[in-house]
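First, the structure itself, so that you have it in front of you.
Residue numbering begins at 1 within each chain, and the chains themselves are lettered A, B and C in the order written.
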């Protein structure tokens, strides 16, 4: 009984390695956002956080042995039947493209903000800024 | 209705190169078009039922669908109407505060409205995320234009907001893995069979936390006071009433439409949890507001308390509670818009924002202060203003659910609000006079009121506050009643 | 009961709202026109109310529905006997007070007179709205309007003392209002309606412990406005307001509105049958008697004239409630009639106190020696009012006290008879010294200069109200049929 349980557990850890990877990344990003004092580090943490989510999404779309979801169409030939199982799910890819765009624009805005903050306070450390503001 | 603001955002930028003065009218036109179309939508929803629009003619659930039902149409009207009013009044304030950036301001303003409207209208979960981010980004930028602490406050807001949006995205992702669909209507059909799955539960949790950040629900409200206090007045008037309310709308959508009510309330005790968190938010907001010396900051804490009311209503899960929550979305949007506009007017005229320094304000700006009194009465919940009616439903809902503590919390918070507002009213209306004088005749002081473009929206909002209170019965029977799922 | 639909109730209420707006816009520069609005409005209001008397005396009620607020609850007005009674009183006394306050404010050259008259008009708006409300919710809406509009009046002088009095006023009244809000919500939850029904509508709904809780919250909530001990403290403190404010609002309209609402709850929401079934009325009667006696004793200890009058008001309000909760026909008639009787007498007293203040700036009883010789008319009126409150015939106070005593005998509770007699003794106890000092003692001052009577604006209302007190004492049904209406109420409820 014990052996079976522990085997099960190992299965969970190894089998779903993609999820663990993304959780790890997310935690790193999260910690950086909250725990670090330097604003740039926070920003990078945010980036890591968002990237981990993108990774997660895409990983959910993958299937064993499937290939890229582009249908090869020879011009002039009639449309062939497509077996969905052979192609990895394109929907998460599409969604993530959008998410990447969002991420990049957020990053851009954030950098602009950081520039403004730096011009004003000459520092990018959170505690120093708080002190300067008092 | 969404397309107009979007395109006009670009148009404004282009226009800005050529002729600066045309930007403002263009923005107003765009907002007016939005408002009229949202009213038209409401009309047709009331007579015909739900509207569907398929983007690019792809059938759902493959394509993105825009759905307007009663709940949507209702919130749409609120969002566009208030943005129009605030757009009108923003002209003077913007010109005073940052004259060289007016073009960008208008452009961002409209983008923000686009984002908000998009959130409200869409029927697709991921599309909602996109619009959410559009609105948030525009918001971050708008807030950062403000005074001293603004960029930093905006940065903080951005960190929190992104976490919230990403959690939401995670929720969408989990749901997608389990169900394979992103369409809200579709999800509501598929999900009931998954009620006991852990994934779905986690998805719900992610949604809840993500939306709570956007809604500034305690304890995820930390970004709100700083962000809204340091933002320029025109921005806070737009963002404050609307963004959080739209967040509340998303919460109600998720809880009641996507996950059916029985799931949200019975499988997980989400309703109960939400209620208690909301109750804490209400008390917390009121008490902290008491401690503020800056009028604008005080209002932001009042906003947190108001969001608590809405969350409380949503969490109660019975007809009355949800009616109260929805009605309060309308009422609070009106009240907060009015209050923040008033503060904008006061600041525009050069008055400081510390409460202690507001003495004698009513002689100089009598109309504005009168509007403040009425909005304040509405927040406290004194009839016949609209605030009373939403509180009525909330209290009824609490009594229905036999939650006496919650009802008590609601009532106590009204009293706390009373203390808050009357403190300001006292300062502004009464000048302390030495005890033994019998007072001289009124010196006719020059009335230095806010300019008309700012006064008119304020007055319209105040009129709305008073009228909508009396008419709330009609509003409920025609609109809100249908927005509540029938199983409640 | 036949129902007549007419827009008259709304008209009567909105006359003063309209006047308020006009006053606001007329402002300080054209003060005579501004006072004219007030006078016009008060006369018009009174006449509209008068025109409704014959209809109600025939046994019909006038109704007017405005807007449907919630399912089962509308913004609705109904003029029945009880509401009409209160309305007559409030509007009649507004005329008197308007004339008086013109004299008072100008005599003192007080500041912010526009705000004063504006809030006054709004307050009367609220009072009539309460009178004509046909359900708890409409009543609550106007109740709040009354509270909010009287706040600037209380804090009018803007001295630190006045501001803190205003704060106390708001704190007490808003807390009471919150309790009322809760009670109304609970009532709606239990029964699905909040309309007033003669004889009550709560019967059969809810367990008796729930009804008990409801009763207590109602009493405490409305009792704040009716100045029941222990939530009475705001009333003496509010005496720092200008005398016309104290006179009308705190001796007539505001606290009378509180008493009115309480009686509405007792007679029209709970109803005599339910109350006697549940035996609620007896504890309430004891509670109220406690107020009667305690306030009488506290009045003896006050040196400030207006504070003493305030405690006397608390005393009389409690007597009215006692009449209501004894649940016998004479008691209810007497209690309701006392609303009017006390109104006229007390307003005479306050007017006199104000006249003294304007002429001599004296507020304390110890300073009032010999005033009677210098201001005989004023103090004469004061004496009339004082004797009336104690229950001396032929002044109107006697009639209401008589019926109240009859009522307590009918209810077979002799204890309350003694309470009433005791309070009459206390009344004599705290009024007599004032009359004695002012007439029979020499003034201590060396000034020698005689103080003359106050201006005609103030004198005429004083004399008028004193005269009416005597008139009503001799012929209680004179002119506006107060007494008949009171009896109608009692009949309809039992």
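Some notes on this structure:
As a working rule, a residue touches a chain if its C-beta (ideal position, glycine included) is under 8 Å from a C-beta of that chain, and two chains touch if they have at least 3 such contacts.
Model, not experiment: these values are computed from the prediction.
Under the touch definition stated at the top, subunit B and subunit C share no contacting partner at all. The most centrally placed chain, judged by C-alpha centroids, is B.
In terms of their C-alpha centroids, the spacing between subunit B and subunit C amounts to 43 Å. Subunit A and subunit B have Cα centroids lying 30 Å from one another.
With centres defined as mean CA coordinates, subunit C is found 71 Å away from subunit A. Touching subunit A in their complex are the following residues of subunit B: 126, 129-130, 133, 137, 140-141, 144, 148-149, 151-152, 154-155, 158-159, 162-163, 166, 169-170, 173, 176-177, 182. Touching subunit C in their complex are the following residues of subunit B: 377, 380-384, 388-389, 391-392, 395-396, 399-400, 407, 411-412, 414-415, 418, 422, 426, 429-435, 438-442, 444, 470-474, 476-477.
Contacts from subunit A toward subunit B in the complex involve residues 30, 33, 39, 42, 46, 49-50, 53, 56-57, 60, 91-92, 95, 98-99, 102, 105-106, 109-110, 112-114, 116-117, 120-121, 129, 133.
Interface residues of subunit C, counted against subunit B in their complex, comprise 28-29, 66-71, 75, 108-114, 137, 140-141, 144-145, 148, 152, 155, 157-161, 163, 166-167, 170, 174-175, 177-178, 181-182, 185-186, 188-189.
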